[in-house]
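Below are two complexes that have subunit A in common, paired first with subunit B and then with subunit C.
Up next, the complex of A and B:
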């Protein structure tokens, strides 16, 4: 069976590797220049309570590379259609248009950061937390010198501390305190409730994330508006013939173990009882992801 | 001049790549995207919005938001955030929807 896996983050890479080793003909597609998804810019130091992203990425790339999965990078899936019992994907691969035909689609598109809706939020210098992480961790570029981090969760706290360690002056501000952002050609100041103004050259929005369901939506996957994610999530128990949604794209529709559990469920559904069954154990404790090879 | 405090902290083992931004030479490193090279060099306006003329400078940096569309090697609508730099690359601010194959847009 031809399986197209869209999104080469952890969930997509696990699914692609396992399906390919079970004899399926797998194409793993990602718009970025490298596989790994958020592992390419999220950094947890070795020995911290979080999984070390570099070694996990190395492990996942090894699992995909040693399989027969074909990896298409710099490949943007810009439309998807049901054709007969299968699917056709319109893909722009490194600037050239091509069509990919698949019997089964695995949607592993991950999440999108929530935006900040206040006047001035479109000014250059306002960016998402993952944008700041990409600049800092992939490119060693500090996105500003006087930053305001907007949000209150774990990611906002981590980012505030990471940016401060990198040499920036950082204020953490709760979302509801931001009234507007001002500047002519980019961020210059942030106006807060209580008639306060903070000078800033960068505003980082770390309010959380919503599942990225644009592609699943194009294929008419049933979705529900969920105010807790400020967006659409997959409807729980949705029946999706020929289509699997896994990983972060399931946010709000599955439990905390969604990355791994949904991946394994999907692989079992498409290619049951393959030779790899039981060889890989994966454990999730809250947001902490660990990947362990089980011996024997 | 933007007058903001973005800067590159270190270049590690990356090697230099020469590009141009609106006709001016700019030194990037080979691991850069167009967006990271511009931010590191102190440029944060990538696009001028076609509706109200407001400046845009990239919001998501993962190829999602379309706030970083630039004219790259003459091709408008190219996402600066997921386009790697290449020696000799011509990067131009995009005005509105841009124009095909035209350098130095008005």
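Up next, the complex of A and C:
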């Protein structure tokens, strides 16, 4: 069976590696230049005493590379269609047209960071938490000297402490307290409730993340709005012939253990383990423990 | 420089007031708000604003579970016209 996996984050990589080892013809597609999804930037700063996600990423890449899965990077799936009992994907592969045909489609498109809707939120210097992490962890660049991190969840807390330990002056502020952001050519100050003003050159929006179901929606996967995540989730009990949704696209910001278990369950449904099937080539239990260590 | 507007859809420069006005006119679905205002029709295809449009509907008293996302259509990302033309999928309608 031809299986296309869209999204080479941890969930997509585990699914692709396992399915290929179970005899499926797998194509793993990602729009980025490297596989790993959030593991490419979701690590702690150099010098931090916490675990770093590079070793887990190396293991996952090894598991995919040692399988027969074909990995297409810099490959943007800009359309997905049901054709007969299968699927056809229109892919922009580094500027060249490419059509991928699949009997089964696995959507592992991850999540999208929530926006902040206040006056001045379109000024240069306002960015999402993952943009700040990419600057900090992949490029070793501090996004600003005096930062305001907006949000209240685990990611807001982690980012506040990571940016502070990298040398920035950071204030953490709850979303409800932000009235507006002001500046001429970029962020200069943040106005808070109670007539308070904080001087800042960067605002990092870490309000949470919602499943990215844009491609699943194009295939008419039913979605239910969840105001607690300010986004849609796959409808419970949705009947999706030939289509599986895994990872953040299914679970939002769930922990690694949930993501890995749900991914393995999905692989079992697509291609049950037979006596001949090899394993993924990963120490899954150890990997979950290490991944959880990365996430703090 | 900030112009003081509160943009809900930054791609199409649609303010929160324009979205609220469309809802007050009786556009009570995401597709209707989209058609009335263009919110969600820009370069990001609603990735950042759709959930926020839904939050405005919730604030106006619409039941959250009843809110459908806008119809998802190709392309999901910018695609060169020549490349799109090279791909001609079978149309069954």
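We take it that the second predicted complex is superposed on the first by the 257 of 296 C-alpha atoms of A that agree within 3 Å, B and C clash if a C-alpha of one lies under 4 Å from a C-alpha of the other, contacts with A are read in each partner's own complex, and residues count from 1 in each chain.
Here is the rule we go by: a contact is a pair of C-beta atoms (placed from the backbone, for glycine too) under 8 Å apart; a residue touches a chain by one contact, two chains touch by 3 or more.
Here the structure is a predicted model, which means the values were calculated and not measured.
Participant: Using the overlay on subunit A, decide if subunit B and subunit C clash or can fit next to each other.
Facilitator: fit
Participant: Put down the vertex angle at subunit A formed with subunit B and subunit C, C-alpha centres only, nearest 10°.
Facilitator: 70
Participant: Quick one: is A:62 in contact with subunit B, with subunit C, with both, or with neither? Answer first, second, both or neither.
Facilitator: Touch partners of A:62: none, neither subunit B nor subunit C.
Participant: Looking at subunit A, which partner touches more of its residues: subunit C or subunit B?
Facilitator: More residues of subunit A are touched by C.
Participant: For A:112 in the superposed arrangement: first (subunit B), second (subunit C), both or neither?
Facilitator: After superposing on A, A:112 lies in contact with both subunit B and subunit C.
Participant: Quick check on the superposed pair: does A:202 touch subunit B, subunit C, both, or neither? Answer first, second, both or neither.
Facilitator: first
Participant: Would you check which partner chain A:32 touches, where first means subunit B only, second means subunit C only, and both and neither mean what they say?
Facilitator: The first partner, subunit B, only.
Participant: Taking the superposition on A as described, I'd like to know which of subunit B and subunit C A:123 touches: first, second, both or neither.
Facilitator: both
Participant: With both complexes overlaid on chain A, does A:146 touch subunit B (first), subunit C (second), both or neither?
Facilitator: First partner only.
Participant: Scan A:135 for contacts with subunit B and subunit C and give back first, second, both or neither.
Facilitator: First partner only.
Participant: Touching A:230 in the superposition: subunit B (first), subunit C (second), both, neither?
Facilitator: The second partner, subunit C, only.
Participant: What is the contact status of A:23 with respect to subunit B (first) and subunit C (second): first, second, both, or neither?
Facilitator: In the superposition, A:23 touches no partner, neither subunit B nor subunit C.
Participant: Which value in Å is the smallest Cα separation between subunit B and subunit C when the structures are fitted on chain A?
Facilitator: 5
Participant: Intersection of subunit A residues contacting subunit B with those contacting subunit C?
Facilitator: Comparing the two interfaces on subunit A, one with subunit B and one with subunit C, the shared residues are 31, 76, 112, 115, 122-123, 185, 212.
Participant: Per the contact definition, I'd like the list of subunit A residues that touch subunit B in the complex.
Facilitator: Residues 31-33, 74, 76, 112-113, 115, 122-128, 130-131, 134-135, 138-146, 166-168, 185-187, 201-202, 212.
Participant: In the complex formed with subunit A, which residues of subunit B make contact?
Facilitator: Per the stated touch rule, the residues are 2-12, 31-33, 36, 39-40, 44-46, 49, 54-64, 67, 81-82, 84.
Participant: Within their complex, state which residues of subunit C touch subunit A.
Facilitator: 1-2, 4-8, 10, 16, 45-52, 54-55, 58, 64-69, 72-77, 79-80, 83-84, 86-87, 89-90
Participant: Taking the complex as given, what residues does subunit A use to touch subunit C?
Facilitator: Checking each residue of subunit A against subunit C gives 31, 76-81, 83, 88, 90, 92, 95-97, 99, 112, 114-115, 117-123, 180-185, 210, 212-215, 217-218, 223-227, 229-232.
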